[in-house]
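Look at the two complexes coming up: subunit A is in both, with subunit B in one and subunit C in the other.
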Partner chain A sequence: MNHGLLARILYATYLAALFLFLFAPIAVVVVFAFDAKGIATPPFEGPTLRWFRAVLADPVLQQAAANSAKIAVITVILCILIGTPAAFAIARLNGRGVRAFALVISMPLMLPTLLVGVTLMAMFSSLGVGLSMWTATVGHVLVTLPFLVFTLSARITSIDPQLAEAAANLGATPAQTFRRITLPLIGSALACAGLLVLGWSIDEFTVSFFNMGGGSTLPMAIWGQMRGGVSPTVNAISTIMLGLTVFIILVVHRLGNIAALGGKTG
Partner chain B sequence: MQSPAVRVIGLTRRFDSTLALNDVSLDVAEGRFVSLLGPSGCGKTTLMRIIAGLDRQTSGRVEIAGVDHSASAPNRRPVGLVFQRYALFPHLTVAQNVGFSMQIRGEPQAAIARRVTELLRLIQLDDYGPRSIDQLSGGQAQRVALARILASDPPVLLLDEPMSALDLKLRQSMQIELRQLQRQLGKTFIFVTHDQHEAMVMSDEIVLMNAGRIVQRGSPEEVYFSPNSLFSARFLGDANLIPGTFQNGVLAGDGVICRPAAAAAMTRAEGWACIRPESVTISLASGEHGPNMVHARISETIFQGASRRYHALAGSHRFLVDQPTTQGTPLGVGDEVRLSWPDSAVAMIDEPTHG
Partner chain C sequence: MADRRALFLTAPGWIWLTVFFLLPCGVLFAYAFGTTSYTAVNFGTSLKNFGDVLTTPTLQTVVLRSLTTGLAVATLTVLLAFPLAYAITLGPFARHATPILLLVVVSLFSAFIVRIYAWRTILGSSGVVNTFLMQIGLTTEPLDELLYSRFAVVLTLTSVLIPVAVLPLTAALSGVPRSLIEAARNMGTTAPQAFRRVTLPLASGGIGSAFALTFVVGAGDFITPQLVGGPSSQMAGSAISSRFGISFDWPQGAAIAFTLVAGMVAVLVALRLLMRAAGMRDRP
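After this line comes the complex of A and B, so read on.
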């Protein structure tokens, strides 16, 4: 009896410590983004939206946000175009070649992003390609492709290959089969994977840092502002990005549930 | 002359080192219910998939209604396939599944709706149109798969073990329903199964396959009572197989002489006689002795409902005998009996008795 009680107290303490460790820094950032005082130290001196207004009015941050958004959207589109056929190949074909291909695709997941960023920059410079938003986008595609390919191939594997055969047998051309059967069945997984890539691209720092050239992305701009200490505007941007990320996670989670449901019946 | 609904000529399919189909030729006449019967791995499913264009032959030809379809895409072949696991589209409703082929052909919505209603009535799922696929039971899903194929109105239907997921009772009633539906529609049905009872219940004709080849074809009665090989004899049901030597048109086994109704041409001096258990008449022993007659002692009796099975020892042979339970008096273990059978029940099998 005592033993059980002790275990429960220990367990609760452990959980509390874990949550504190995980979320206290985030809570501090969010709380001080709304603090009128302007220095991220207690006590809290009344709520304000001043810092958020400052962020939204800052031309440097505006430019960086626009860059981030452009890079993220282009990365998602390229990942879908490149990754969808790769996902089908991994899910539907088998053999040593396909396994090697899957391994190569997954490489950027296992390599440190620092290494990816630096080597990519070295490659661009040896090829004489000037660094720009586009070279950074190439880096983003490289690093995010595995997320898309493996999320999607998992879904494709769960779809009965006989569905496509049945559609063909009922007179559908390969294009009609893809549009009417395959695409609706992988749609939610595709959206899910696309959002993961979007979120990752918006947060990405290292690869952008080495390959962006003159411009900067939102995380780079934040890093730039941090050199003068943690300003309340940094807290405000971080809060905005946190909100965006949580939103994406929620949507992905919701889509993931739908995809799982579809997988069961498919 | 009318060309057959389906004709395959010299069809061979090689997977790496194995031959799934080995030089198979087959004509299926229009309007027939033909079963491709055989153990798993015999090539029956491969043959069906090649006819549908879902697999490609290594060599050989496929003709459907007189037109060469050896190389055409699956969506251009006038055959409908009912898949073993139905392959209903999970993101579409029952009605959308049934109407899929008409939608693909771009038919007017009103015509699609009318035909879907008609077909749902035919399969007795009138009110199921708006339902989702995962609300269907196995038997219902199977009927929807059938309706979906019928909507595309192919002259030939291929059915890949469509009953294997159903329980026995449902399977039996579906067998009759499917047979009646085939007669009513007048379409050619090619039914793939490994279940010999199912094949016999439903078919006009059985095509028995083994190891990538067609072993025997004929009506269920022909294949059952006149097997041309040990494989046919054993696959279609229980058989008394008696090895012996051929002399003057009869087969002399160990203490048993089997005389067929018509002498068959044999290629070697030894072979087998096949007699089905229900062809044998059992009676209490008398002194007679002769061809198609043997003395035996009962070693086992098994009550099977409609019939009673006896195991009877005659020399080195153990005979299986089925007698209707409503005829004669039951015999017991140790009874001395006489087994006899008509000439017409003897099928000669031209295969070596050793190895």
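After this line comes the complex of A and C, so read on.
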């Protein structure tokens, strides 16, 4: 199909306006993270790194960041351990059991996250399990698992199963076939999905909010500071978290799997 | 053989989901029929909690407000995201799909709470938007209703959820063969007719999932109403979260939650029937 110049201009204008709608608020936060006043109201009164230094020196925020990092790393490990075999089953095997499994595994993503957080908290509490970093991690795995499983199974579906069969015919044990044939083929997809789960977990608020007990994470620290009135460091924490997101997405893009998220395009 | 392999591969997932998802959902459902003494919650067989949700005006209001907010947000989100998805698949920017999708994914993976905080910041009475409006002389006083209003909730959720809608829309539209649209045009249909009779029905699956995803997140959200909404824009999510927090009334919280989910399912089923009646099936 041919697209005239007018159509191109119209679409380009629309895309620019839409991205302004998506990114302008974030850009304001980032700019004012460097403002001397410490609140995001114009005019901009001059650059400072004061708020970033304050964030890095705050022991409460250090603890929150450490919790976020620990939860995210454990979430990625558990997701990969549980999700990789699950992705193989969904990609390679059929039958009612696998279809039911695919449905159940995607349910935490189809329900409001609030309900996932609340149900988990209610169960832990009624069993007398104390809320901690670990109970929050369980929730993080629940909400990120469907994403990892379905990204990975899409990749596995696109691999020729005859490759693994050929290796087996040539005398490789199942373990050797997995390590030498299958793993290299799914490696980059696994790394991409793992990194995105890492970023998602660091940003996840709702599940932690209900299951952390007395502890805190970075998003919970933002929530707490916002509810507590004026706090000049929120802009700086937000900027650090946004920077981390951009970094992760760029690494994933380098590894070459971003377009796969939107189906086959271009 | 295949069955045993399937069981072996899915066993860790089944165990995790049963213990930490299916079982907790059952526990919460049981609590919905229970009672609270505000220091302890007990299981029970009472239908009182559901009765309260359906008859208490304030609870009716928050559940209905969740559903209407979700509908407004999902409609706006899909309408605004569709031209982007179209531009990078069948439209003039198909060759630039990757950088555009990259931006969408950056937005998608930016923390929900940071993006909501950003809207709260710019909509405030001395925020960027009000300052700008006063500088260009549109208003002389800051518009207070920009923040802490239903308008702010819908605006914020729409902005936050557009990236969620883009991905299924892009996947669906990239599956529409250009040859079919060209065939329809060659047979004398106008471009709008071809869009209405070929493109839309073929993409209806993706449109449906984009709508359902954004509707569920929008209707079930409790962060946005609390941060940018006022007292008259609180939704069921806030009511649920407070009952599992300070007011310690799990049974009523559970009853609100299941009423909300039932309402969501009803809305989505009704929409599916409407789409079918309008001829928007998977096949033309």
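Things worth noting here:
Operating definition for what follows: the second predicted complex is superposed on the first by the 235 of 266 C-alpha atoms of A that agree within 3 Å, B and C clash if a C-alpha of one lies under 4 Å from a C-alpha of the other, contacts with A are read in each partner's own complex, and residues count from 1 in each chain.
Note that a contact is a pair of C-beta atoms (placed from the backbone, for glycine too) under 8 Å apart; a residue touches a chain by one contact, two chains touch by 3 or more.
Every value quoted in this text rests on a predicted model; they were computed, and no experiment measured them.
Applying the stated clash criterion after superposition on subunit A shows that subunit B and subunit C can sit side by side.
Between subunit B and subunit C, C contacts the larger number of subunit A residues.
In the superposition on chain A, A:Leu114 makes contact with subunit C only, not with subunit B. Applying the stated contact rule after C-alpha superposition, one finds that A:Gly130 touches neither subunit B nor subunit C.
Once the two complexes are overlaid on the shared chain, A:Gly243 sits clear of subunit B and of subunit C alike. In the superposition on chain A, A:Leu185 makes contact with subunit B only, not with subunit C. In the superposition on chain A, contact of A:Leu145 is made with subunit C only, not with subunit B. The superposition of the two structures on chain A yields an angle of 100 degrees at the Cα centre of subunit A, opening toward subunit B and subunit C, reported in steps of 10. With both structures placed on the common chain, the touch criterion links A:Pro47 to neither subunit B nor subunit C.
For the three-chain overlay built from the shared chain A, the minimum Cα spacing from subunit B to subunit C equals 10 Å. Touched by subunit B in one complex and by subunit C in the other are residues 262, 264-266 of subunit A.
On the subunit A side of its complex with subunit B, the touching residues are 160, 162-163, 165-173, 176, 180-181, 184-185, 262, 264-266. Across the interface of their complex, subunit C is touched by residues 1, 3, 7-8, 11-12, 14-15, 18-19, 21-26, 28-29, 32, 40-42, 81-83, 85-86, 88-89, 93-95, 97-98, 101, 104-105, 107-108, 110-116, 118-123, 126, 138-139, 141-142, 145, 149, 196, 199-200, 202-203, 205-206, 210, 219, 222-223, 226, 234-235, 238, 241-242, 245-246, 248-249, 253, 258-259, 261-266 of subunit A. The residues of subunit B lying in touch with subunit A in their complex are 52-54, 73-75, 77, 79-81, 83, 85, 87-91, 100-101, 103-105, 132-134, 148-149, 152.
If you check the complex, the residues on subunit C that touch subunit A are 2-3, 5-10, 12-14, 16-17, 20-25, 27-28, 31, 41, 80, 83-84, 87-95, 97-98, 100-107, 109-115, 117-122, 124, 126-128, 131, 159, 162-163, 166-167, 170-172, 174-175, 178, 181-182, 212-213, 216-217, 219-223, 227, 237, 240-241, 244, 250, 253-254, 257, 260-261.
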